[in-house]
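Common to both upcoming complexes is subunit A, partnered first by subunit B, then by subunit C.
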Partner chain A sequence: MTILVIAKTTLGEALRKKILNIFLLVALAMIAFSVSFAYFTYREELTIIKSMGLGVIAIAGMFIAVVLGINLVPAEIERRTIYTILSKPVRRYEFLLGKFLGSLLTILINLALMTAVFLAMVTWKNHWQPDFALLKGILMIFFQLFLLSSVAMVFSVFTTPLVNFFLTSAVYVVGSLSDVTMALSRGEDKNPIIRGLYWLVHYLVPQFANFFTQNPLIHPEVAIRNEATYYAQNIIYAIIYAAVLLIIAILVFERRDM
Partner chain B sequence: MKRSTRITLIIIALALVPAIVKLQATIDPQRAQFQPGKGVSSVVTQVGNNPVVLPSQFVAGTIIGFREVVAGLLWVRANDFFHSGNYEAIVPLTRTITWLDPHQIEVYRTGAWHLAYNFVDSSARADYRYLAPAIKFLEEGVDNNPGVSDVEFDLGYVLYSLKAQDFDKALYWISRAAEEKDAMYPMKRQIAHHYERAGRIDDAVRQWERCVEEGRAAFRKNPQDFKAEDHFLVSKRNLDMMLIRRVMRADLSKRRIDAGFEAHVKRLGPRIFQISGTANLPDGAKIDLMLLDADYREPDMESFTWQVDPNVTAVADIGIHGIYVENGRFERKYDLSKDVKQYPFKKDRYVLTLTFNPRTAADYIQDGIGWSGEGLADQRYLDTPTPGLRKLRKVIYLDRKDIL
Partner chain C sequence: MAIAIKTEGLTKTYKLLMQKEPVNAVSDLDLEVHEGEIFGFLGPNGAGKTTTIKILLGLTYPTSGKAWLLGKPAGDIQVKREISYLPESPYFYEHMSGTELLDFYAQLFGTNGGARRQKVEDLLRVVGLYADRHKPLSQYSKGMLQRIGIAQALVNDPKLLFFDEPTSALDPIAHSEIRDLILRLRNEGRTVFLSSHQLSDVEMVCDRVAILNRGKLLKLGKLDELLHGGSVEITADGVDAATMEKLRNLQAHVATKDNRVIISQQQGEGVNQAIDIIRAAKGQVLSVVPLRRSLEDLFMEIIREENK
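On to the complex of A and B.
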């Protein structure tokens, strides 16, 4: 119950944040403007609208998740509101989980708004035929952001927002280079120590590239084999990884002097 | 937090790490199966004098996984170049786009079309040296998009048939396209047309019969299927026409026309010459011209490069661009002096070939000489490269001084 109260408060605060609203508005405008590329053939046009839409949602979602995540705890400490909260019968882990849940709800609402505009645009351009398969892409984006938020959450319990921004962004970039780290971890001509290092990077850094499923969604000719299994595995991956990160965050936050 | 809770949480976290590793190991091969980046030989960064520099924001976009968005934006940019007629700028862009996202079908099709058709000299004559890269580009498109009929069809029709006039290869690719699930009726009809072009008349008749049956069956099944109705009607008309022609052209070999083919080349100035000649053929018959380095070899597709050899000269006026015959004569002036880059003439010897190929001739011309020149005769320049085909062909060897 306490977690839900904190989540609700976090959501309310986040929705009032101007910077997040600006990200959202810019994203909505970009999705709407993508239909202006109307001078291509029908197939090209849809490809561009879908890729732009999914891309804009992913980028805007990433910024929203990072900006939200890096400020979750430091903002409370800076405003000293955390002392008031923790002086009440609220455990630290409840505070953290509430904050995390609040940020997830914010992301979810933002994604829902962008998705509604995106689907409307695609439906309009697709001769009023909705393409609900795109929701699978949105689902993957959500779980990618879920994972990204948990990364930002871990760093937010012991770093400043600026440092956290760079740390989270760095993890995101490394985690998006999955093809590269995988290839380097398997390169037989490499030094075993170097290979081992890349193996660690590939398997221990959260692999955000797993969630990039735009290609099969925008090109009907490309299919994911065992699609349901693939999506399920990614969702489980995100949940397990986020659980580990939240445990680390809780353990660190519990021992932090305030 | 109690110590025991703390230890329990640490144990849970550690226990979940192998699960993360295991899941990632399971996800990796599945992701590699559909994500872009496979099956593309290389990203070539220069075509002609146009180096490709991917702007940093695009590079950043591709690194963090927004390949499709970057590809889409680059294609929007390429479209601007297209509308401004800057075709040279489009080609390297198309290469970059298909590297970023090898499933952009239209980019493959448009890129290959630009390569084969839009690098032109001051007389709007396409640069023949770019035909091989165009073919290679579409072949790559086929490899990366198996089962997509449009790419295979363009390779067969737009490149091998219309441009290279290689009807056997055209037939292979068009037939492949027609077998795909997304194939359209016109692709199936093109098989018949290309059997005809390849001189396989009985096969063409059988294909028209198949098309007639296919269209009829589909239309009977669904009377609202107007594409099927159209397929049936067009195929039926063409089948009837073909059967009539087969009868009419049956004994052309017994009453052959002497073409009296002759051709001359006259130098008018540096890189300017005139081709003229006679051909006893109906008005509108086309004489193909190829002027190549004497040691010209078709590019080796295995060691393919986008850089065309700047030392190679290849002038090609074939198919609809051939020199037309009027009143038994043909003539065309070639002024290549304004296009030194496209026609460098750096070799010592050149081969000028003038050909009349009955298989590419219009129907009304074939009515007089047959599909493969059965009714065609010539005292000096009859060429029979393959059994059943009777072409007219004159080869003239030129020295560099004859042109420059």
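On to the complex of A and C.
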């Protein structure tokens, strides 16, 4: 109950954040304007709209998740709103989970709005034939952002928003290059210690790259083998990884002086 | 008398980067606050008042020592149902209205729908914000924010209230209303732990006070007893210059007014000696009036002595 009360307040505040609304509006405008690429062939046009739409949703979602996540706890401490909340019968983990849930709901609402416009544009350009397969891509983007939010959350309990911004962004970039870190860890011409480091980075940093499923969704000739298993594995990976990060965040936050 | 707050050897030490010696924000603090009293917690900036309050509320952990509120360890989730806190210069979620904010805090106590709505309305009336209940807090003045802060501190009918500078940023009328409210809370049997720089307020409402400086407790006691023991003013007639000189030798302050001599002497044996000198010189003692020190005098005296 307490978690939901805090989540609702976090959502209410986040939906009024100007910076997040600007990200959303720019993203919606870009998705809507993607239909103006009328000088390509029909198939190319549709591919561009799908590609651009999914890309814009992923990038805007990433910005929204990071900006939200890095401010979740520091803003409450800086404004001292946390004092009146934690002096009431609210456990620290309830506060943290409430903030996290509130940020997830904000991401979900933003994603839903962008998805609605995106699907509408695709349906329009596809002779009013909706392509619900694209929702699989949105689902993957949501779980990628879920994981990214938990990364931002764990840093937010002990760093400033600015430091957190760079840390979370760095983790996102490295995690998005997990194919590269995997290849580097296998490079036989390299020093074994360096290969070991790449291997460690590959497995320690969340593998955000696994959630980029735009390619098979946009290009019918590219297919994922055992699609259901692939999606299920990545969703379970995101949930377990985020759970571990949240447990770490709670343990650190429990011992922190306010 | 039941104990509302108790601390034993409470210490909070901060290790700062680039500084070899740790800083003692609170040092070996032993304190007992009785149920049903208004307890003044005084000290200059950086004395450790807010750190102590934060430890008592479970927001900060002590380096050593222990604290209990209403018989339970500080920070206990059950005890938080019975306490409340108004921080200094409170800030609340600006997107909310007064009603929404109080509703939010009431929900944290699990208060249900109908009772919650009634409670919120009652509190808005108590703090005089009923007419502005639908305005977003971003449009509230500092004084209004302070009032809504006080309202949130009353949302759970607490037994023990922590007020950190509750009258700062208030106009004189609101200031007086908050003072009356604090007295009313005490009359209802609640305990108020009042940290304030407004010494005149503390002097008016508090039963006992503690004075802190640099994390150390310097003085603790009943206000009446602490302020007692100041100087005595003796008014006498028929005192000649030689007698006045003898009185000055007692370290007394001697002045003349309307052909009368007014002697200010610290309480104690010096007062009797001064009276004896006047009588021996065939002077007439007209009045002996003990003067009560103000809390400000006491506070300044203690802090200056400590800072020497």
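Keep in mind that, in the parts below, the second predicted complex is superposed on the first by the 258 of 258 C-alpha atoms of A that agree within 3 Å, B and C clash if a C-alpha of one lies under 4 Å from a C-alpha of the other, contacts with A are read in each partner's own complex, and residues count from 1 in each chain.
Convention: a contact is a pair of C-beta atoms (placed from the backbone, for glycine too) under 8 Å apart; a residue touches a chain by one contact, two chains touch by 3 or more.
Model, not experiment: these values are computed from the prediction.
Engineer: In the superposition on subunit A, see if there is space for subunit B and subunit C together, and answer fit or clash.
Structural biologist: These partners fit in the superposed model.
Engineer: So, A:127: does it touch subunit B (first), subunit C (second), both, or neither?
Structural biologist: The answer is neither, since A:127 touches no partner chain.
Engineer: Considering only the touch criterion stated at the top, classify A:237 as touching first (subunit B), second (subunit C), both, or neither.
Structural biologist: Only subunit B is touched by A:237; subunit C is not.
Engineer: Determine, under the contact definition given at the top, whether A:215 touches first (subunit B), second (subunit C), both, or neither.
Structural biologist: Only subunit B; A:215 stays clear of subunit C.
Engineer: Which partner, subunit B or subunit C, is in contact with more residues of subunit A?
Structural biologist: For subunit A, the partner with the higher number of touched residues is B.
Engineer: For A:18, decide between first (touching subunit B), second (touching subunit C), both and neither.
Structural biologist: neither
Engineer: Return first, second, both or neither, reflecting whether A:89 touches subunit B, subunit C, both chains, or no partner chain.
Structural biologist: second
Engineer: Using C-alpha centres in the superposed arrangement, which angle lies between subunit B and subunit C as seen from subunit A, in steps of 10 degrees?
Structural biologist: Apex at subunit A; the opening toward subunit B and subunit C is 160 degrees.
Engineer: Looking at the overlay, does A:81 come into contact with subunit B only (first), subunit C only (second), both, or neither?
Structural biologist: A:81 sits against subunit C, while subunit B stays out of touch.
Engineer: Tell me the contact category for A:51 with respect to subunit B and subunit C: first, second, both or neither.
Structural biologist: Touch partner of A:51: subunit B, not subunit C.
Engineer: Between subunit B and subunit C, once the two complexes are placed on the common chain, what is the minimum CA to CA distance in Å?
Structural biologist: 10
Engineer: Taking the contacts subunit A makes with subunit B in one complex and with subunit C in the other, which residues are shared?
Structural biologist: none
Engineer: Subunit A touches which residues of subunit B in the complex?
Structural biologist: So the residues of subunit B in touch with subunit A come to 1, 6, 9-10, 12-13, 16-17, 19-21, 23-28, 30-37, 63-69, 71-73, 75-76, 79, 101, 103-106, 145, 147-148.
Engineer: For the complex, which residues does subunit A have touching subunit B?
Structural biologist: Counting only subunit A, the residues touching subunit B are 37, 39-41, 43-44, 47-48, 51-52, 54-56, 58-59, 92-93, 172-173, 176-179, 182, 202-204, 207-210, 212-216, 218-219, 221-226, 229-230, 233-234, 236-237, 240-241, 243-244, 247-248, 250-251, 254.
Engineer: Which residues of subunit A touch subunit C in their complex?
Structural biologist: By the definition above, subunit A touches subunit C via 1-2, 5, 9, 12-13, 16, 79-91, 255, 257-258.
Engineer: Which of the residues in subunit C come into contact with subunit A in the complex?
Structural biologist: On the subunit C side, the touching residues are 54, 57-61, 77-78, 80-81, 83-87, 89-93, 95-96, 104-105, 107-110, 149, 152, 156, 162.
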